[in-house]
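Heads up, the next two complexes both have chain A, just with different partners, chain B and then chain C.
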Partner chain A sequence: MNNERRVSLALTSTPMILIYVMVVFCVIAAIRQPAFLSPATLINLCRAGIFTMCFAICEMVVIISGGIDVSFPAIGCVAMYVPMYMYNNGMGVDSVFFFFGVAILIGLAFGILNGVLVAILKLPPLIATLATSSVASGGLIMLLGTREFTTLPPSLDWLYSINLLTYTDPATGFKYPLTILFLVPVILCIVVALVLRYTMLGRGLYAIGGDKNAARVAGFNVKKLQFTAYIFCSVMASATAMMYTTLMHSSTTTALMGEEMIIIAACVVGGCRLTGGHGSVGGTILGVLLITLVQNNLNMLGVPTSWQIFAVGLVLLLGAVLSSIQAKRIEKLGKI
Partner chain B sequence: MADEVFLKLVGIKKSFGGVHALQGVDLEIRKGEIHCLAGENGCGKSTLIKAISGVHIPDEGSIRIDGEEMKNMKPMDAINRGIQVIYQDFAVFPNLTVAENIALNGELKDGVKRVSWRQIHKVAAEAMARVGVKIDPDIRLERLSVANKQLVAICRAIMNDARLLILDEPTTALTAREVESLWDIIRSLKEKGIAIMIVNHKLDEIYQIADRLTILRNGSNISTGAISEYDQERFTKDMTGRDIVQQKYQPAENKEEVLKVENLTRQGSFENVSFTLYKGDVLGITGLLGSGRGEIGEALFGLAPAQSGKIWLNGKEISIQSVSDAIRNEIGYVPEDRLTQGLFMDRSIRDNTIAASIRSYLKRGKLDEREMEEATERWIREIDIKAPSTRPPVRTLSGGNAQKVVIAKWLNTDPKLFILDGPTVGVDIGAKAEIHSILHDLASRGIGIIVISDDLPELVQNCNRILVMKDGRPSGILDNSIDEVSLGKMLIGA
Partner chain C sequence: MKKALVLGTVTMAAAMVMSTFAFADDYKIAVVPKMTNIGWFQRMEEGVNEYNEENGTDYVYRGSAEGADQAGIVEQMLAEDWDAICVVPFDSESLAPVLEKARDQGIVVITHEAASMDPKYFDYDIEAFVNADYGTHFAEAISDFTGGEGKYIQFVGSLNSVSHNEWCDAADAYFEENTKMEKIGRYETGDDTTSSYNQTKELLQANPDIAAIEGSASTDIVGAAQAVDELGLSGKIAVIGTSLTSIAGDYVNKDVIQTFSVWDPAKAGQAMIELAKYVLDNDGAAPEELPVDGYDTLTADNTVLYGNARVDVTKENMADYDF
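Right after this comes the complex of A and B.
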């Protein structure tokens, strides 16, 4: 392939098109609403993207390994609700370690359950995690009721109050703080990207997502890798859920329910293939950015917020069409 | 050196729940020789490979590598002794790059935890240099042709200090030119002292490459010897255990037209194709890949309809613009890739047999179970599909039997014209002969038969007329007095 073809392919690759769409979106928003260009927009975007980003990385790892996990919102709800419930009923200590520790243990337990269902019992991942989701969500409501905790314990309140930086709008005097928890998705992205690219564990996840049988023949421990993916997803989603409680001052049994579809969509827009073996941290970041941008700044374009779901739908459609066109283009290039 | 024995099997027996897959096989592989293993489906070839590679532990018999007795050999022991198997699916990763596919397995075996991309590229470049292939190491495997995927698998095997390379039916999905270059690579590996065992059942290919040949039948080795000791007759007899008389097909003279095609053209595929098919004729269409041979079949079945030209079927002019036009005119079509295009692999023989004629079993909104069952049983009997009942999924059948199910599917529609693209690809000798006699029988009953194939011996034996395509144009219609060699020359235009 000559260099010109290479460049033209790179310029029209899916990530580049996502970037173009985002740039166009921002330019239009900036023309209609000069306030869009304020640093406040960026800070809001970062805040709004924290959860989506963390969840998307979790889901991406499972999708790369050839599976899918629709149970993380339900597991997250259990993980955010149970520690708060314990605390409010006099069981437990007021410590960041307690809240996050219990959340992570809960995530670990459900991650192992998903691993057993998928890797050992060989259930289809969609059905297995759907079952886990119902069991987790239903069990929580059945055993612990449906309260809503809106007051944070002092330790979490302390965590909430630490900011990385605060921007004060010179015109209005409004303060826009960026929480320290923003570092979590940043570090997560870096670590996961490095693990996926530079460790046998990471390459193993791609390998089992590409061809399980070939991976077995090559000597990869397929079951162990599947367990790793599901446990990582649940544990990280549980910690993210506790971050949600901290930042939103709210812990309910259903706060995250329904999130799975938009997260999976963000992964797919970012280049993950649901058949497994494909996906990257960079692509997923782009997918999350685009969806977060559209979700939070539609009003800047002068589009009513009631159009939000519709607009997100359009973004998904764009992602799906893009990957299908890309696949056709590659096919046209012919086999080598 | 050439006569030193690397691997010696004596009296290998293996049973699975009462089925004797191997009943005492002796085999000797010498260092640096190319040894072909031939036999029909179910003769025990794959069990034997698995015994050699340590996947199955034999019930009886001894395996010696380099003179050393191997007891309870495990896959890892075999690999450490330098035995590498390349299975038909290659066990490669479609989503990873060429370099990674070549190097990853070795790194994994060495217990490497951190991946060094520089090391991976180095290993891959070394392996490709040793085997003598050049493929862009950064390209993903899903973009490669079957031939190149196979080369990647060979590179990977070589990296693990292979001393015996076993290839399981390596040529089934390759074009003639790709087979040639595979043979070149195999010969260069032989030069390096690596023993090669190739499972194959195409005699012409075995002649091209093998030093020695072992024929397996019903779990026993029937004969072993230098390739020069075998001719077509002995090969066929040892393979099947019966004499298959190979006589050229010659129908009785008949001037009754079944199909007439005039100036059929589809831009970019073929131009001005004209021919007439008389009652009793089996017409062969051949040509190199891309010559338009397959496209003519697709046009007649409406998959990629012709843009101009005329078609008469049994004296009536018809127009075929879609598959449903073709089916309405009672045309049947067996595609080249029957596994993905012609069969529902996980459904039963019955479901597949009635798949193209299901409408005729719809009585008052219900499918007539009994009639469907009877029809399927009739075809199982008539064309001798080897199956215990109408129930087993097609996936469980051998290649030859699966192909018979595709044929049954179309016969059940009672076709006037029957087009088969590569009807015996992946089918062993015995079943091949049966399929051919089914086709001859159909032709004599007045059904027009078109066989599209690049298997020249098959065409010369079974078609009484052969249309040769070159670059989208017909370059001649021959009768079957031509021999394979001159036909082959005509294909490449020499």
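Right after this comes the complex of A and C.
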């Protein structure tokens, strides 16, 4: 009896439901477009999901801690633009360490700013990070203007050219390379999952997200944990932005703007709760996979462009509703 | 940026010195761009500065950095006694009442990239070219490359963009009439390189026999070119559309993009000034030609004037259009 219940619970858990939705989507895609069933789809999916995955993990950590960060796209833009600007104006060295180093320092500065606003001045996180976002993107345009850098320095071009593997489609001869930077989200997911599960820091983030006062009474340093979450988010988002420049050959002041909502949506679909204290790396991975899968294969499915935004919205809605029903169900179970 | 500043200061100084000697031309004309913080309109500023330098005038180039407060800037100008205001509307809806006020005050209003606006808001609108001709050119260039056979896809910045869709419609019509080329679809990129990159990969996987990609927003063929390059298809697929040397130049050099077209915002700025002067000199009459490259013959459709200012950029002439 108990065992049966456990199995049925596992089969109807949020992650499993997301997997069902994805499987159904893939089956439909494969029926409508046989070309879908190719290793190329997997490689394209991995490549397209790199930025979304990294950003989602950043956001997830902040959401778990009971906050929200809408400033990471603007911070990322500053972090990708400033090093390229410096380099193109003779103020930088051509080294991967320089580009990523400057990006990370910029992320650190803005992360501290967010931390001060939220943890010390106690501003509502949405407003605080919205302000940081405006300061970052407005300040950037005011001080450095708007250009578009599309020629990579040799060191970043070298990084761009390293691939983990290249799949050559036997039928068409097309090459599908998978960049080495794919390892970044993979390692990030593993590390964050371990930290959240097995360290005091990780448990503390859940604790302050669930109930700040209870966490304080239990001995957690709430301010320090909030700082950690926002700094981690900004630093990692900045490094991701530099990866964007490397992989897309483009550095502009607006390239990432507007990404925040879809990233937050990926977290929520993956089981994070905006009220804080809930969320997991596994769930977030599934949320990102679902969104990337849908976003990048609607053409394949033959969904007309004019319907695509609607279709993405529908899938998000479905995911959000399912995970909210799930949350309620679990709460009820707890009471029995 | 710094260069533009220095250039600007030098030209302004030069213009101030020269204007003391030039009595013939004392119109007060302003050019207001959509925004000043992108390369496109910095090029337009260079055009205005160059014009001032050559003609000893001191026409003003003034706009808002990000465009959002353009209407406010023009409204402030109404108190300053201008003879003509040349404007590239950012948000035509919020600008319209301001332009109406300007015209009521007797200021000549010249617009650019505003052919879809109600003609009561401007004296004349000047366009670089007829959209249909521009689109037909892409179809011709693509057919030259593919030999008129194979499948093609089109990217537009937005499915609601009037100009992008007019270009693509004209190309469709040309393909239909003159070639055996077959359209797979028209896709929206939101002016986002990443979107055209991912969609190109997806569409090529589903349709390996695509022979041509036509882009509309300047970023469309850049993303498409990166995908084509990574897939190892450079030179096997036509990648042609609107773009800029600053973002597409690398792929032209690598032969991924065969050719792209553009119109020079510097010339557009100069054409607006010349048009304003002509209208002021001739009591509101329309010119048939303007002494600016690409606008030397004009086709009129009521108060909308079309030039022939398309520039086709290839590896050979790319250095001349470095913006």
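In this section, the second predicted complex is superposed on the first by the 326 of 336 C-alpha atoms of A that agree within 3 Å, B and C clash if a C-alpha of one lies under 4 Å from a C-alpha of the other, contacts with A are read in each partner's own complex, and residues count from 1 in each chain.
Following the convention adopted for this analysis, a contact is a pair of C-beta atoms (placed from the backbone, for glycine too) under 8 Å apart; a residue touches a chain by one contact, two chains touch by 3 or more.
The structure displayed is predicted, hence computed values, not measured ones.
Because the two structures share chain A, they can be overlaid on it, and in that overlay chain B and chain C fit beside each other without clashing. By the touch criterion defined above, A:217 lies against chain B but remains apart from chain C after alignment on the C-alpha atoms of chain A. After superposition on the shared chain, chain A has more residues touched by C, the comparison being chain B against chain C. Of the two partner chains, neither chain B nor chain C is touched by A:31.
Seen from the CA centre of chain A, chain B and chain C lie at an angle of 130° in the overlaid model, rounded to the nearest 10.
In the superposition on chain A, A:93 makes contact with neither chain B nor chain C.
Judged by the touch definition given at the top, the superposed model places A:209 against chain B, while chain C stays out of reach.
By the touch criterion defined above, A:10 lies against neither chain B nor chain C after alignment on the C-alpha atoms of chain A. By the touch criterion defined above, A:194 reaches neither chain B nor chain C.
Of all Cα pairs linking chain B with chain C in the superposition, the shortest spans 34 Å. In the superposition on chain A, the residues of chain A contacted by chain B and by chain C do not overlap at all. Those residues of chain C that touch chain A in the shared complex are 1, 37-39, 65-66, 159, 185-188, 193-194, 197-199, 201-208, 222-223, 226, 230-233, 246-247, 249-250. Put simply, chain A touches chain B in their complex at residues 197-203, 206-207, 209-211, 213-215, 217-220, 276-278, 330, 333, 335-336. By the touch rule above, chain B contacts chain A in their complex via residues 89-96, 100, 104-105, 107-109, 112-115, 117, 135-136, 139, 143-145, 148. By the touch rule above, chain A contacts chain C in their complex via residues 33, 35-36, 38, 40-41, 44, 48, 141-142, 144-148, 150-151, 169, 171-177, 248-250, 255, 295-297, 299-300, 304-306, 308.
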